[in-house]
Amino acid sequence: MANLLEILKKKEVVLLLVIAFLALLSGGAWAMYQTQIPPEQPIQFPHNIHVGLQIQCLYCHPGAQRQASAGLPTQQKCWACHGQLRKYSDPAAPVALNLWPTELQKLAGYVERNEPIPWVPVYQVPDHVHFNHRPHIAAGFACETCHGDMSKKTVATVGETVNMGWCINCHLENSVEDPLKRTKLIDCATCHY
Amino acid sequence: MTTQEKNLLLAVFEDIDPAAHAVDSLRALGVADAQVTVISGTPITEAMMGRKPQWSNVARFALGGAAAGMGLGIFLAFGTPSLYPVYVGGQPLIPVPPTIVVLFETTMLVMLISTFLGVFLDSRFPNFTPMEYVPEISDGRIALLIECAPELEKKVEAAMQTQGAESIRRAQAEVV
Amino acid sequence: MTDSFTRRDFLKVMGAGAAATVLTGCGPASRYVTREPYTKMPEYTYNGQSTYYATTCRECAAGCGLILRTHQGRAIKAEGNKFHPLNQGKTCARGQATLHGMYNPDRVQFPAQHARGDATLTEMDWDAAIAVVQKALQDPQGTQFLLGTASDHLFDLVTDVCQAVGAPSPLRFGALSMFEARATLGEASRAVFGKPDLLFFDIANADLVISFGANFLETWLSPVAYTRGYAQMRRGDVRGHFVQLEPRLSETAAKADEWYPLLPGAEGLVVSALGKLFAEQKFGVAPAAFEMVDLAAAAEASGLTLEQFERLAALLLRAERPVILPGGAALAQAEGLETAKAILTLNALLDNLGKAGGVFHTPAAPLADSYHRPASAAEISALVKRMNAGEVNTLLVHGVNPLFELPAALGLEAALQKVKTVISFATFPDETALAADYIFPDHHGLESWGYQRVQTGAGQSALSGSQPVVVPYYNTRATADVLIAAAGDALPFKDEVEFLQSKVAALVEAPGGFYSAADLPSFWALFQQYGGWWQNDSSASAPSAAGALEKKLTFHAPEAAHAEGEHEEFSLYVYPSPILAEAGANKPWLQEIADPTTTVMWNSWLEMNPETAHHLGIEDDDVVRVISPAGEVEVSVYRYPAIRPDVVAIPFGQGHTAYGRYAENRGVNPALLFSAETNAAGDLAFGGVKVKIEKTGKKRPLSRLESKMGVYGFGEEH
Amino acid sequence: MAIPKIPEFKAEWKEGEEGRWGMAVDMDLCTGCQACVVACSMENNVPFVGEAEAGYGRSLGWIRVERLWEGQYPEVKMTPYQPVMCQQCGSAPCEPVCPVFATVHSQAEQLNVQVYNRCVGTRYCANNCPYVVRVFNWADFDRPDPLPNQFNPDVTVRRRGVMEKCTFCIQRIHRAEDQAKAEGREVLDGEAQPACAQACPADAIVFGRLDDPESRVSKLSRSNRGSHLLEELGTQPRVTYLKGGSNDRLG
Amino acid sequence: MTVSAKALAQVHPEAHEHDHEAELRKEHLMLDPKPRGEMNALVMEAMLTTSWKFWAVAGLMALVTVVGLFGMWGYSISEGMYTASVNRPMYWSYFLVHTVFWIGISHAGTFVSALLRVFRAEFRRPFTRAAELMTTFALAQAGIHIFAHMGRVWLAYWMFPIPTQRLIWPNLHSPLMWDFLAINTYLLSSTMYLFLPLIPDLAMARDRSTGWRKSVYRVLALGFRGTESEWTHLRIALNIFAFAILPVMFSVHTIVSWDFAAAMRPGWSSTIFGPYFVVGALQSGVSAVAMVVITVRATMKNMTYFVRPEHFDALGKLMLIISMAWAYFFFNDYMVQWYGGDSFTDSLLHFHEAGPGGWVWFLMLITNILVPWLVLWNKQWRRNPWILFTVGLLANVGMWAERFIIVPVSLQINRVPFMWGHGVKIFRETFPYVSVEIPIFIGSVAFFVLLYMLASKFIPLVPVWEVQEGQMAHSIRRYGKEPVITVAELE
């Protein structure tokens, strides 16, 4: 058998090893990237325009102030405005659908078919984490603390790395003065059950 | 190691006695003890060769490692519970008996690791550069690696011959 | 689909999407889960918040009120309806598991035609299905409906349909009513009290309950209500005393302070003996009803001792509010009717009629003048005869599985062959459905409208209402709607809801209700909201037993099982499984529940006294062949420490040959062992069946929750 | 990576005599009907395991109804039915033995909490539980479609290799607490009910706040009929078992 | 019947007359020196000689390892723990039995090597390496079993005390965490302790080999030449290791015993479990050393020179002493449990003896106490490799039985009789038809053998320099007619 160290001196072998290593590395990186890119949404919903029109977050996501889930608006709610807007210029002759922006055409399509819009969740907590919006809103946190400045985004993207350390750090920062509160905020059972 | 100015001689002896006498004669020739290295395949003590004992820092490494291990243990036992306090089984946050177990294990672990590393750090190996050596040493021969001024070389060579050296060679680089 | 349903269209929220979010844990895959919001927000609903609907449990005929928690259009959890007079917020195990019936993977998913006995279904559309039913109704004389004990609204509707088209009245049947011997109880009530009623026994206020095989904590009449009554009896200032007499220690007997293992069939003798002893000690003279009994002979025949009789009589003397319960096992005997009369007479003798802790007439349920009991075995037998005679051309079956529940000895299976068309409305591919030509699946109870009359268990007159809590999961259709469509102009209703509204309209004006409303629409809303309608106050009336004490009652010693020879005979004691009852076998969580007495799961077993087993050389888990004159089954033995040595017992509920993957080919059906013999009231006299036990040499381990070693000691593990 | 420094924890939580949530089970009333077991399984997404696995001690029910026998026929007697669920010990033997803090004592709720996602499946906690109430997910037990429609979204669906046990229906406690907090009040007695207590037809299971001396469960826990399971072990269980029969005039 | 050396001597009086010194030299390796070069050649030959039989066995072992150990382990990871025999209340079963079993075996390597080094027991010299190698490989098997036992092994890294974004650390209250630290400490330190004295021998191999081996040995020998300072450092380090690794070794098995003793269970909660487990570990470990040494001597070339009956004799004596110590601790534990036990402990003891696995309990007593006591007192018998091997094998079976009784059998009994055990199920209705623990254990034995076989062909199995050092120190002096072995203090 040839000298083990000698094998490594051959250029082809080294090249092959480097290629294999790089392939592994880039594969891993690709997988990581896949988990980080914002998912494809059925409608490229422009948050920035809606926030720019001074529509409150809680108008469309009212669940945030009373329950765990913030909720998504029904298309009834979407259409309540957009259906009116369509008739705005001339109620007798509403704008033809095909003259509308593509995204609104999509919305109209869903409304017409009475089909729910298959939104893909952006902020996902795993099954074993029980997140509740209500106490966070009740404690006076603004939506953008976690969700980022929506006036600068079209479709929602993950603004913060949502992991346990991120949750806990915020919980700790907000309970420095109150040991009782901290007990609750770093208690395992608060989120995991 | 600088070998440019000094000549190196490697005298190989079959047994301990001639080698020990050779050391004496070298001393007589004015070769300093520090310039002679005894190489053997079996551990032979300095006393056998009539030389001063070697100094070793391994024990110090061990001691230092023990202290570091204790530190690691203290961090684990006292530090981590206060980093994130979790209460279990009605026990205190930092209970004493388990702490002792943890301290013991980490102390021993780091102590032994540093002893191990100490051997290498102290004797400056691993060393994969060519060195003066002959494979017969591991067959039981005893070699004296003599570092001497060029003018002494002949005398040393003769003295070694007298003491019954099996072979004397100008040390050449042996890949070991 | 009717208009009433489209009103609830909003509930159609993509089950798949919502379920997927729950199912997938962490990991990149879950990022691509979609969430589909409502297209229109339902009334009073917020996205992501649970909605609760009141409805009625259909796992048995009792009619307990349920509150169903639904979430994103899925039913999540069944809870008791706090306002309901029957269960007052509580539920039994079967009620809890009802969701596993609805979301069962083996339901019939579409209307289908199929060859009898063949499990492959050919899908058809509902119009064709209605046409089939329509065709059947065009031959009213040859049409026979066979309905289950739930739900009552369908029975009322079918009765209307039959009257409208001129078909014979529908028959109702349920295995539980067979085991409770309801016909016998009703007949005895008629004979003693003059009214064929399902009586109400107020054990809550009794201080002594002596029960002859009444398993009222398990399945008897209305188990949740009676359990509540039991708890109240125990919790009182003076803790009520409870004595159970039956051949094996049942779950109910386990709660008794005293249990007396008496030989099946000797109940009448014991009742008479007690009556005689009590009367002699209290009044000095025994009434005519009980004077015939010979105490020593009664003791001999029942397997009890005279001291035990004395003890029971002493209890009766000391008790202030005693009540005696007639259990099904005591009545389903050759002399069952006499036994029932004796028990009611003893109650009369104890002077507890219409008093707290005594016996009452259940008030007539709303929308009913009197109690219509399910058919007895004799009446089913008559139907079988008509079928064999070729008088039935179309049999329409709903809510009952007679091929499984009825004794094979009645010959229904053969008779079905004579029926040209069998139509099943089963939600589940049960034995009867597979023997039918068509299956037109009804909705599951939780997807259905309807009502159920509360027949017993509550002093109030109560009607329990059902409403769909979710949109039907499969392509099923309410049988009521099918019938209304098929009957065409014969009925004045457009759909089921209209029919129901026309019925409850009578209650809008009814006094003493839990709520009142000005008009039908508001009443209907409240009816849905509260899950029914009931009176605030009890209207149970006192029975009168004039002259009953003077009617002589005679009993014979039960035929003793042969104890000699190689082929030893045993009395077979069959009881409905407390967990599975008649229709629970298809629900996986009910199968997984340990039986309260044996802790066996997922199977049937034969209970045998360890002494007997030792004597026969039988060990636990040995498979034995149980042979009766009518048939035989093979079943594993459970050495049960609390059963008479001359009695063996098998629970009823398993042994399905169809009915979904969780029920199929699991355990044995003891109904195969029953003979077709009936008692004087027409109820099946299954209590007198004698069986032989044969070893097969096989072993089939029973799955137990208990550790055999821990409960029965070392050396018991094999 | 940088470790964010967490400021020192200062709150002093003393394990009280009573704890916060408690349960009282009246064994005189319990009829062994198993409604609690089914209710619990339905509420908490507990899987069923099938005949063979169940018979080999792998059923996953969080409650079991125990019964033993006394004596020989005909003097045989069944001991009172005893539903045994996690006793939520104040000094729980299961907690300290977990190497990764997957089972811990919740300081806020004073409950013994199993954190499913932290569990690595050493099963030491189960060995150390004197009540044998912990169950392990031996496999991803199959729940064929559409059964998962019934899953309770408030409760994690556990995967294989994870320990689980009765939580006192902590999701319901949280719901009640959240509701109370939103309305600015304390949780009322009986407002938070675990599925078992809610279902129990005999009302044998009573649940409520132990730190409220006036609550129903507090009163029952103080009853002289009450006792704790394996009290001698000093685990401070939060479930009180009531024995009955003393006021039986006829007995 | 007893046969003693004295009796033999009387049967052959001429043997006594014969040169006693030659006999001594034949008997003791230390008195039968060979030139270093010759010994090197012997060792190298043993290392380099392989036959087709060797590769056949190694191939078989590799197959069993891949299928039995890694295949079945992978299967159990993907399917869940139901593939094993565990249930409620027997949450721990064979995996833990085998973990303790392998950890126990691993103990003797260090014990023989370190303790005997500390006490300068010279007979140890030729087989310290063989024993240490066993330690490392057995610990690897133990680790595999611990991981195979975990429900979610892919998350095992949560036991490492490393900072994560979760901010949560491992629980140092847990005996399993101590175990994790202790076993890691032990594995690392015993590997280092194996490697340090190996360096001179690797240098020897380097000097005497060619080709790829030479380059590998060159790397592994780290440029060791044998200078005075290298020897000095090595000697000091080995002394530190020998002294320090002993408490680590004791702590490891004590902590393993605490996994049980710290639990609130009848039968487990015992203060004597620590020493009891340590002695039990030595019992199985020293027996395993004897088995390995006998196997090596029988299968490898030239080993009859290095391993002689005197070694069997010494190991046999050691086994006998340890067996006595084990019996002492066993009885100690049993006595106290029996005397003061509550009803559950009584049930447990009764279950041990009279339960369905009662024969295992008696087997344990027979193989751990009766057999060694009856056999090993006899010098001739314990010098017979067949007998010694059999006794060693039986002792290992006995110690397996002991762990089997402590883990799954004792777990059948708890304080809730309703939830007592359902027995131990080995056979299943579906694939793999036996609980995965059985194939995994067989696979781990094969893996151990495979590792050992490969290692024996790769590293000098006899520490030649240590043997030579010993031979240098030993000599014979005569007092009158009696030749006496004398040992010089070389360090």
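Going in written order, the chains are labelled A, B, C, D and E, and every chain counts its residues from 1.
Simple rule for what comes next: contacts are C-beta pairs under 8 Å (C-beta built on N, C-alpha and C of every residue); 3 or more make two chains touch, one makes a residue touch a chain.
These figures come from a predicted structure and were not determined experimentally.
Chain closest to the overall centre, judged by the mean of its C-alpha atoms against the mean of all protein C-alpha atoms: D.
In terms of the distance between Cα centroids, subunit A is separated most widely from B.
Averaging C-alpha coordinates per chain and comparing to subunit D, the farthest chain turns out to be B.
Centroid to centroid, with C-alpha atoms defining each point, subunit B and subunit E lie 31 Å apart. Per-chain CA centroids place subunit A at a distance of 36 Å from subunit D.
Spacing of subunit B relative to subunit D, judged by their CA centroids, is 63 angstrom. Multi-chain contact residues of subunit D, defined as those touching 2 or more other chains: 3-4, 6, 9, 13, 52, 55-57, 59, 64, 66-68, 93, 96-98, 101, 104, 107, 117-118, 157. In subunit A, the residues touching two or more other chains are 66, 126-128, 165, 168-169, 188.
In subunit C, the residues that touch at least two other chains are 21-22, 25-26, 706-707, 711.
Residue ranges on subunit A touching subunit D, taken from their complex, read 66, 126-130, 132, 134-135, 138, 165, 168-169, 172, 176, 179-180, 182-184, 187-190, 192-193. Taken in their complex, subunit D has these residues touching subunit E: 1, 3-4, 6, 52-53, 55-59, 64, 66-68, 84, 93, 96-101, 118-124, 126-128, 130-132, 135-140, 160-163, 230, 233.
For subunit B in complex with subunit D, the residues that touch the partner chain are 82-91, 93. Residues of subunit D that touch subunit B in their complex: 3, 5-6, 8-9, 13, 15, 90-98, 101, 103-105, 107, 236. On the subunit D side of its complex with subunit A, the touching residues are 4, 6-7, 9-13, 101, 104, 106-109, 111, 113, 115-118, 154-157, 167, 170-171, 174, 178, 181-182.
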